[in-house]
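You will see chain A twice below: alongside chain B first, and alongside chain C after that.
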Partner chain A sequence: MNQVKRLISRNAVPLLFGIVCLLGVYFAKMPGQFLLMEIVKRMARNSFLVLSLIIPVAAGMGLNFGIVLGALAGQIALILSTHWEWAGIGGLLLTALLATPLAVLFGFLAGMLLNKAKGREMITGMVMGFFANGLYQFVFLFLVGTVIPFDNPRLRISTSPGLRNTIDLSRIKGTLDGIWEVRYGFTKFPMVTFLVIAVLALAIWAFFRTKLGQEFRAVGQDRHIAGVSGINVDRNRILAIVISTVLAAWGQLIFLQNIGTLNTYNSHEQVGTFAIAALLIGGATVTKATIGQALMGTFLFHLLFAVSPNAGQTIFGSAQVGEYFRVFVAYGIIAISLALHAWQSKSLARASLEEDLSS
Partner chain B sequence: MKKRLCILLALVLVFGLVGAAQAASLPFKIGLITGTVSQGEEEYQAAVKMAARYPDSIIHVTYPDNFMQEQETVIGQIVQFAMDPQIKAIVVCQAVPGSTAAFSTVRDMRDDIVIIAGVPHEDPAVVAPYVDLAMETDQLRRGASIAQLAAEMGAKKILHYSFPRHMSMELLAVRYQNMKDEAAKLGLEVIDVTAPDPMGDAGIPGTQQFILEDIPRQAEIHGTDIAFFGTNCSMMEPAIRASLDAGIIFPEQCCPSPFHGYPGALGIEIDEEHKGDVPYILDQIKAKVAEMGRSGRMATWVAPINMVFVEAGVELAIKAIQEGLDLGDVAAVEEAVFDSTGVKLSMNRYLDDANFYLVIADSIIF
Partner chain C sequence: MKERLVAIYHGFGLPRLIIAGFLLLLLIIAGGTELSVAGLLSDALVRIGQNGIYVLAMVPSIQAGVGLNFGLPVGVICGIVGVLVAMEFSLLGFSGFLVAILLAVPLAIGAGYLYSLLINRVAGQEMMVGTYVGFSVVAGMCIFWLMAPFKNPALIWPVGGQGLRVTLTLADTFAGVLNDFLAFEISGLKVPTGLLLFYGFIAFLVWVFFRTKAGVAMEVVGRNPRFAAASGLSLNKYRTLGIIMSTVLAAIGYAVYAQSFGFVQLYNGPLMTAFPAVAGVLIGGASTREAKVRHAILGVVLFQTLLTVAMPVTNQLIEGNISEIARVVVSNGMILYALTRATGGDQA
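And then the complex of A and B:
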């Protein structure tokens, strides 16, 4: 009995979310085909990004809101590759190659900054993302075409400096997804994309079994003890952020090759918050996140977002009340999930204390 | 003569709307997606009206309020239409970011769907290949059309109220230049007035107070044959009130629509029954303006343009499917819009190889 109780309380967040999702599916009355298509697409787009959050969590740096930087690195590479007209899967791989040094640089700078703000990594990362966004806009909205010579008519605004607000990525659209697709009705399963996600999941699993991975864990559990036992804490923390940023850059490329258009000034904005929300919904905490939680969270988060507009509309019979209801439920559930975390970790702490006392 | 023309126009408009307002069912369905009222009351009300006009044939859904962040939801909302084999057209207004990605997915799934986009937010050259027709207000041509209207209404001078932040915007700056060029041709003088920026320290009340105080001052200096034009939405209500009081000319708002500024400035209550009812509001404004003895001095567009985009989008889609209307034929499209909505639009092709039209509507002088 106690075991069941513990199981439920440990997985309260995904359970609650799962129930709401099931209700949503019931009320939305969407064609199963469409639901399947949406979920497959959204999983293929987002899983890689969510997985990129795991390593910093293990290294004790909390949820890396700074993956926005990685997304920016990916987008800068994409802008350049569109300018140079790279195409096909080769073009995408080259773009990923181009994004890597940028992401390493951004990750390194971010890591240095976060080392100065130990214990406040999450809020620092979030503000850093806003700052990077400002810098990005300054470069691409003002410097391009004034200081940086750039006159590609398909990318530049015709009458003033800066890039157009939308960039057509048709040259690389679906290049990764399209290598091997298994069709089922309307749904196309992008096998290679899922394979890439699986390889990443496996790599993360394997990574924590290496010496470096164990060092990350040690740093995550207690910085001081790790430091005393001869682990270079600061170096490991920077490395964790660099890896996360590089993965986020690649993740953003996977996301955008699926979407097919780049909204130059907005595509990266939601990356951090949504990936983190998905991870938390999977049952992860700021101190512990697993691959299973990441994938489960991505699935649940996007399932709710896929069914909630229609669910709201069928329940209330009005398009806009449905939308308000959807926002209320979707974000409300995320808030409840976070509150549940706090309650959970408290009750877990109490349970282990009681166990210690009774033994 | 002019007055008679106006009455005729209003009558045509009323009958046009009544004529088209008969409820009918279609042999197919149309997916219609707009924002909620928190984003744009006009589009939502227009969509509700269309759903009532074609019951069971229009499926109206909304895109998220924070569409910038939830692009995947925007895409999902549009793409789900393609799953329903009965849906033969998709009309999106406003075509917020994510629409292009959704359109290209729809095109991959189905080749028999007519896609019409109103007010695309994404770059025209990127959106255009995926839509059968796109419509957007023509800010550049408005520069000249406002000057012409002002002259027609008897203005000798145009007061252009703006502030540096707005004048650094490409479209607004070019519109101002076009207005000056056209005014010079017509023998009008354009006077540049700098108002406080509503985003500045004094905020919106500061701007509104300035407008209320400055219009009588200008009327004293230049006489009443001056026309007001302001570039910011918050200026409209005080400007309409002050223009009526001072007796100067008001050709149109920054975003021309009978619903913009007029109901507030004239104290017109719009009850539940008349929400989004264009002929009703035009009648009300005309009566109030006449009551104040300012007939012929106030004007706006015959219809709120975004409402027209929704209505015209649906009607054009129906005509394209049922009658094989060629959406690339500008004159035929203009005519079809007039036939079905009673609103005369002047459309200009913006891109050579796509049906991306910049639009201005006729004015109605009260």
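And then the complex of A and C:
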């Protein structure tokens, strides 16, 4: 009995959201086939991005709001690859190769910055994302076509500077998903994409069994003890962010090859928020995140996303309500998780202080 | 003489010297083009008065030790509700503006108190929790705007009879009541006297507060919590007071902003209000641990003038609207700078 209780209390968040999702599914009254298609598509798109968050959590840096930088690296590579007309799966792989050094550079800079803001990595990471977004817009909305000569009718409208708002990615659209698809009814399961996600999950699992993975864990548990025992804390923290940023860049490419169009100026804006909300809904916290939680959370969050508009239509007579509701859930879950975490660590600190005083 | 110059330099700070120098450069460039410098400065004065109270709202929260108030939208939403109710009853001119404020302030006191209950329990993570509480409140209110029982046809969608519009105009009710009050013009420079007087009055009230006993106690709580607790001050009491003051200022700030801007933007409109305000007070020389009224005033003057002047001048040089991007880069760059400075604080 106690075990059941513990199981429930440990998984309270995913259970709660499971119930909300079930209610949503019930009220949305969507055909099962359609729902399956939606959820398979969304899982294939987003799982990689959510998994990219796990390593910094283990290294004690909290939820990496800076994965926006990785997404930007992916998009910059994609803009260049569209310019050079790379196509097919080879083109996509080449784009991923091109994105990697960019993401390493961005991740390195981000890691250096976060080392100057220990204890407030999350807010710094978030503001860093906004800042990088501003620079990205400055480059691609102003410099391109004025200072940087760049004439390509697919990417630019010649009358005004800057790239087009939407860029057609039909050259690489579905190149990864389409290698091997298994059909079930209307639903196409993109087997290779799921295989890539599985390989990443396995790689993260294996990584935590290496020496470096254990060092990350040690840094995450206590920076000072790790430092005293001879681990280079700052270097490890930078490395964790670099890995996360590179994974996010690849994740954004997987996301965009599925969608097929690049919204030049806002495809990346919500990447951090939505991936983090998904991870938290799976039951992860600021200090602990597992692969299972990431995948479970992606499933629940995107099920909620898929059913909200229709459920809103049935319950409130307005699909708009459902759409606002899901955004509210995304922000709300982050706010609640952060607050709970701060609350718990505060009472833990107080408990240890009282212990010190009494001993 | 030299020492005095050095002292002035240290008091003013390098970032502000750079920004002021850049501003001067922009104004000189503007003088060389067909742009009217007086017109630019008139716009800047309006923007300063319009955003000033938001920036001022950062002062009590920083001084009470809560850090930068990223939860500003909590107060802004209260201001919006006040303005909407005044519009619902078609109250015109000053009565509309005053009713909006009278409604918004008690709402903001209540909301600020609830917000402080949360924030006082998450000491150390106030900024991050505040940001996402602000975002959630804005997103949750989106649902409210859709379902709220407003009936005035000027506010709701023409079809369906329910749900507030995305953008509402104040032109028929109380747009510009402060801006036009005693406004005058000298050689092209329009001065929105009422707006600036009201801003000055609010700034003066905040300044006076920090000279009262409660204000000094709040500053001690923020600066040195251990010392404050040892001398018998209740930390939570002053932190709560600081958050409520900040929320109330945000609500008043919204009413002032709306009457000057002339429109109410609902739904995701207030989502990012905290960021320019946070950047403003930091540009003025505040840190995450210390902020004075003069920092808020200097910051809003420099930041808003920069944004107003930069746009038309750069438009002469390159095409396109650069002001939005300049705002994003400058404000977030400034916040990053403040967060990564080794101040010894550990707020997140």
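Following the convention adopted for this analysis, the second predicted complex is superposed on the first by the 316 of 359 C-alpha atoms of A that agree within 3 Å, B and C clash if a C-alpha of one lies under 4 Å from a C-alpha of the other, contacts with A are read in each partner's own complex, and residues count from 1 in each chain.
In this text, a contact is a pair of C-beta atoms (placed from the backbone, for glycine too) under 8 Å apart; a residue touches a chain by one contact, two chains touch by 3 or more.
As the structure is a prediction and not an experimental result, all values here were calculated from the model.
K.L.:
Between chain B and chain C, whom does A:Arg45 touch in the aligned arrangement: first, second, both, or neither?
P.N.:
first
K.L.:
Identify the partner contact of A:Phe34: answer first if only chain B is touched, second if only chain C is, both if each is, neither if none is.
P.N.:
first
K.L.:
Under the stated touch criterion, which partner chain does A:Pro309 make contact with: chain B (first), chain C (second), both, or neither?
P.N.:
So A:Pro309 only meets chain B here.
K.L.:
Please work out whether A:Tyr324 is in contact with chain B alone, chain C alone, both, or neither, and reply first, second, both or neither.
P.N.:
Both chain B and chain C are touched by A:Tyr324.
K.L.:
So, A:Asn263: does it touch chain B (first), chain C (second), both, or neither?
P.N.:
So A:Asn263 only meets chain B here.
K.L.:
Once chain A of both complexes is superposed, is A:Phe208 in touch with chain B (first), chain C (second), both, or neither?
P.N.:
Once the two structures are laid over each other on A, A:Phe208 reaches no partner at all.
K.L.:
For A:Phe194, decide between first (touching chain B), second (touching chain C), both and neither.
P.N.:
The answer is neither, since A:Phe194 touches no partner chain.
K.L.:
Using the superposition described at the top, list the residues of chain A that contact chain B and also contact chain C.
P.N.:
Comparing the two interfaces on chain A, one with chain B and one with chain C, the shared residues are 160, 320, 324, 327.
K.L.:
Going by the contact rule at the top, pick out the chain A residues touching chain B in the complex.
P.N.:
Going through chain A, the ones touching chain B are 30-31, 33-34, 37-38, 42, 45, 154, 157, 159-160, 164-168, 173, 186, 259-261, 263, 266-267, 269-270, 273-274, 302, 305-306, 309-310, 313, 319-320, 322-324, 326-327.
K.L.:
Using the touch definition up top, name the residues of chain B that touch chain A in the complex.
P.N.:
Going by the criterion above, the answer is residues 34, 36-37, 44, 47, 60-66, 68-73, 75-77, 79-80, 83-84, 97-98, 100-101, 104, 109, 121-123, 125-127, 170, 174.
K.L.:
Which residues of chain C touch chain A in the complex?
P.N.:
Where chain C meets chain A, its residues are 70, 118, 121-125, 127-129, 131-133, 135-136, 138-140, 142-143, 146-147, 163, 275, 318-320, 322, 325, 328-329, 332-333, 335-336, 339-342, 346-348.
K.L.:
Residue numbers of chain A touching chain C in their complex, please.
P.N.:
Residues in contact with chain C: 113, 116-117, 119-124, 126-128, 130-131, 133-135, 137-138, 141-142, 146, 160-162, 316, 318, 320-321, 324-325, 327-328, 330-332, 334-335, 338-339, 341-343, 345-346.
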